[in-house]
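See below for the structure under consideration.
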Amino acid sequence: MNVIVEREKSLSALESRIEALRERDAGSDEVKQLESKVEQLRRDMFGNLTPWERVNMARHPKRPLSSDYLAALDAFDELHGDRHFRDDPALVGGFAKLRGRRVVVLAQMKGRDTKENIRNNFGMVSPEGYRKAKRLMELASRFRLPIVTFVDTSGADPGLSSEERAQGEAIAACLVTLAKVEVPVVASIIGEGGSGGALAIGLADHVIMAENAVYSVASPEGCAAILWGDAARAPEAAERLKLTAADLEGFGIVDEIVAEPIGGAHRDGARFVEKMLDAVDGALRLLEPLAPDALREARYQKYRRIGAWHDDAATRAVSGA
Amino acid sequence: MNVIVEREKSLSALESRIEALRERDAGSDEVKQLESKVEQLRRDMFGNLTPWERVNMARHPKRPLSSDYLAALDAFDELHGDRHFRDDPALVGGFAKLRGRRVVVLAQMKGRDTKENIRNNFGMVSPEGYRKAKRLMELASRFRLPIVTFVDTSGADPGLSSEERAQGEAIAACLVTLAKVEVPVVASIIGEGGSGGALAIGLADHVIMAENAVYSVASPEGCAAILWGDAARAPEAAERLKLTAADLEGFGIVDEIVAEPIGGAHRDGARFVEKMLDAVDGALRLLEPLAPDALREARYQKYRRIGAWHDDAATRAVSGA
Amino acid sequence: MPAPEWLRIRRDKDVPAEDASLWVKCPKCSEMLYRKDLGDNAYVCMRCGHHFRMHAYDRINLLVDSDFVEIGDHITPGDPLGWVDRRPYPQKLEADREKSKLSEAIVTGFATLEGFPVALGVMDFNFRGGTMGTVVGERVTNLLEEALRRRLPCIIFTASGGARMEEGMLALMQMAKTTQAVERFMSDGNLFVTVLTDPTTGGVSASFAFESDIVIAEARASIGFAGRRVIEQTIRQKLPDNFQTAEFLLEKGHVDMVVDRRQIRDTLVRVLDYAVDRKRLAPALKAVPEFAGA
Amino acid sequence: MPAPEWLRIRRDKDVPAEDASLWVKCPKCSEMLYRKDLGDNAYVCMRCGHHFRMHAYDRINLLVDSDFVEIGDHITPGDPLGWVDRRPYPQKLEADREKSKLSEAIVTGFATLEGFPVALGVMDFNFRGGTMGTVVGERVTNLLEEALRRRLPCIIFTASGGARMEEGMLALMQMAKTTQAVERFMSDGNLFVTVLTDPTTGGVSASFAFESDIVIAEARASIGFAGRRVIEQTIRQKLPDNFQTAEFLLEKGHVDMVVDRRQIRDTLVRVLDYAVDRKRLAPALKAVPEFAGA
């Protein structure tokens, strides 16, 4: 059960009552009162979300998905396959135009319904998906096209056959390629950023995160199961993991947060998608003038700094944030 | 039935008779007479082989195989796998030392017996074998180690699953890599050179061929089946295909031929293997002083010339040989 | 942008009329199709979408803005092996020239596509089953070298039964020769696109067809390395119908896209638009070709 | 060749005596093994060949010619998330330090192997299950940067349960950080070798473990990305015993070689001998290290 969906249900009775009243008499005091009450309720319910609530927001069934972002691009031409084994529909990539600019896009594809989810393996990418991504990153670098990625996955596919085809190596190869490419890379964490499977296309010059997206080293459920042998304590784990956009900006892991409307991005999906694309556009505009060497050096230093450790030799604390 | 093996049987009765006589009286006239008779017979039988006979020589069950060449190296440390899918035992590769020199070796592995052949798929390489080869070629280029290949295959694996894993792409990728590498490449055709599956590790700065090896665009049986619907006419096809070392040297495809003892390389296998390794060593000695650019330019021009066409504009025949 | 002066008309070649009849029967759905309508529909069956095999010059006409400058047509086959099977090889070549109105199994040249100047090669199955002999290898190499000199993108349409047996190992070596040309061309940062049409097999599938930046498969084309019959003999069972089809290959991740022939031109223009920096092309457009054929 | 002056002895560290008893029972074959004999046999069961997990300093002693200069030991963990589960993270770290006699889950430094100077990193499962937190990431990065500066080959032994949960996303980001260091190190033409020991999983398997030139797996080691239990939950059936073993991975083509621990040193020396140009190393041998720890 999604806690946000549950909460929305309790609002929806009130909302339909207002709708009915509005049809009869839009300007009445009663309508106005009710409207401001709903507004207040919405603020109370969604104004200051806990990490666990954000996890649920990130997994909300109506949340904009990669497919919505791809559809909002000026143009998109999908390129398929790893050239060796299979085309993985969980990770889609291709040529695109974004605000008039030629780019290569990579996106993790959760499905909108069960059928899509089965087809796309619920957005969990297999080795051949990461190998396709690597191929397209190299293509982008070859033709000097910026790389734009949309991250939304609970994690890399943990299945038997993915292990047999070297899931670890596939993710590592993506990371190496992103470290190597001589073009700007902008990553957007739009929903769930699940561990290494997300990072594989998330190593970037500029990382943007939707306000209610989450990005975590482990799923809250998995973390709770490991720590307390009880997946039901996920809300508590979510709290500890520091997986919100604000936390990650504080750590220097996320460079920019795109605010969501109260109640979540899905309350005004189309506009939110445009806002995110604007943010990507803005980031690219700043990165494009950089020479390849400067770009790569900046990328190196960005990740070089991340972490928090003590330097006993220097007898000072070093921190990346 | 191997026509060479058949012929050897008819000799072996005589040979054991001599052996028996020799034990009794080594210097007798009878022994001497018989010995010279055998010598004469051997010359008659094997002195001037037809292309089809050479095909049979190349497939002789006692012919030195890649495993014999690997065993004769100063050192060999096998490196496995394509890092993605499988280690293909039909193509073996690794670090080696040859006459004291550090190299990377790639070899197609026919088996000596049925068990080995089943394990090695009769030396027919699958896509993952070619992808391992590509990986090791890149490793060689990275560390400036010459590449030494031993070609012995009836062709690339023509199975269903090899097609599913993009056999064509795998061979093409090997060819591109051999075109690209900045280190000397020496290929030895030691037995059967079967079409694209052989060429995949046969594109080289210097191509050496054993005198009785064959190297063909199609197997004689396959060719006969296509041309006359009758695989039994393979001897005729072998004639037409110009697949012998001498033919290929004439076409500029083979740079050097290593002579075999009368009766074939297997009559003195260990020594023949050493002769071949000497030839490889000699070729490397000539190639090593070349700068990478000069090496690659020479490789380009070597293949650039191969072929025979008319140039109607120049009203002259252009030929590569 | 206007076609530069050097893109001269080369479309006055005789286009074959293999079969003079006005009606063609679709081998897939058996519909009787009016030949002219079929031509207007890019030789795609109006009923079931079956893609008929297409003549190289028809294909070129379908693609280019207006003009096509052919190069390499002076390169013609010899008979290096003195090959004879049922007939001598030169007689077979003569018959193929007659039948196909082509001098060899590939046509190469320059043209513009929606203003983009490109080097263009189109193979034709009508000539020796599109097999790659010396001339195909030489023309492809020549095309890539000329494109490299001008830093133009290169597009090659493949249709091939593999290496040409009648030229033996000289044919096989064209895999190496064309690969070296591709490698040199691409290493300089130029775009290489291949469009795999029905059928693309053997030595061509194991060389330049799969060495490009973008591999487009024409819808329903049969594409693979080993021949269907060889595989059936190997595995001793019949293969599924969709085996080695473009659509099968897409699923298996071998090709970037599968495109209906009627959309191929638009797709190529979009790919050029994505991958090619027009600034880079500006000098090429002004270049005067020095090749013999122009 | 004699060890250069800067390779100073660092072997006087306390080596743990986790269990004071003289005898150890093999978990595989139940044989009772005399501890000293086991140590002399590289902690490999004399009866069944089972590879016991090994302390980082024991491993180093097994490898190096004589001296080992540790670097990076001044880099020690903080508590960036203020993490508490059953206990606060700092307490867990303290307990691990106590138990393992290590300051973190990896030891890094310089040494010679059969005269070859190398940068060497050895992870230890005894410290937080070899998980990669900030310090592991920082030490690995530091090691690769120092190796790059000296153009030395780098060898890292992995043993890891993945990213360290207690440092959250800062731990995950070490995958990116170490990868960048690996990429920069390798792009300069330096040899990178990893030896995957039991167990190598999660974030380490998806970063530097599989980014090297040569991936050696120690015999019988368990290696994979997803944990065994996670996979079993996903596919709802028990996995075969050999799943994710080094030997399984060799068959699947993931690793270059599987090597018995008793042969690993010799194997590494041979790999160095093949891939490293001694001429390139000459200046490195003379270099005086400027790192703080030496």
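Some points to look at:
The first chain written gets the first letter, and so on, giving A, B, C and D; residue counts start at 1 in each chain.
What we mean here is this: a residue touches a chain if its C-beta (ideal position, glycine included) is under 8 Å from a C-beta of that chain, and two chains touch if they have at least 3 such contacts.
Model, not experiment: these values are computed from the prediction.
In this assembly, B is the chain whose CA centroid lies farthest from the centroid of subunit A.
Counting C-beta pairs in contact across B-D and across A-D gives the higher total for A-D. Averaging C-alpha coordinates per chain places the centre of subunit B 42 Å away from that of subunit D. We define each chain's centre as the mean of its Cα atoms; on that basis subunit A and subunit D are separated by 33 Å.
Subunit A and subunit B have CA centres that are 54 Å apart. Of all residues in subunit C, those touching 2 or more other chains are 210, 252-254, listed in ascending order.
In subunit B, the residues that touch at least two other chains are 83-85, 165-166, 169. Here the chains touching each other pair up as A-B, A-C, A-D, B-C, B-D.
Across the interface of their complex, subunit D is touched by residues 75, 77-88, 95, 97, 102, 128, 132, 139, 142-145 of subunit B. Those residues of subunit B whose C-beta lies close enough to touch subunit A in the complex are 83-85, 127, 131, 165-166, 169-170. Across the complex, subunit D meets subunit B through its residues 189, 191, 210, 213-215, 250-257, 267, 270-271, 273-277. Within the complex formed with subunit A, the subunit D residues making contact are 74-78, 80-81, 83-86, 134-135, 137-138, 141, 163-165, 167-177, 179-180, 182-184, 187, 202-203, 205-211, 224-227, 230-231, 234-235, 239, 243-244, 252-254, 292-293.
Looking at the complex, you find that subunit B touches subunit C at residues 156, 158-160, 162-169, 171-173, 175-176, 179-180, 195-196, 199-200, 203, 215-218, 222-223, 226-228, 240-243, 247-248, 251, 253, 299-300, 303-304, 306-314, 317, 319-320.
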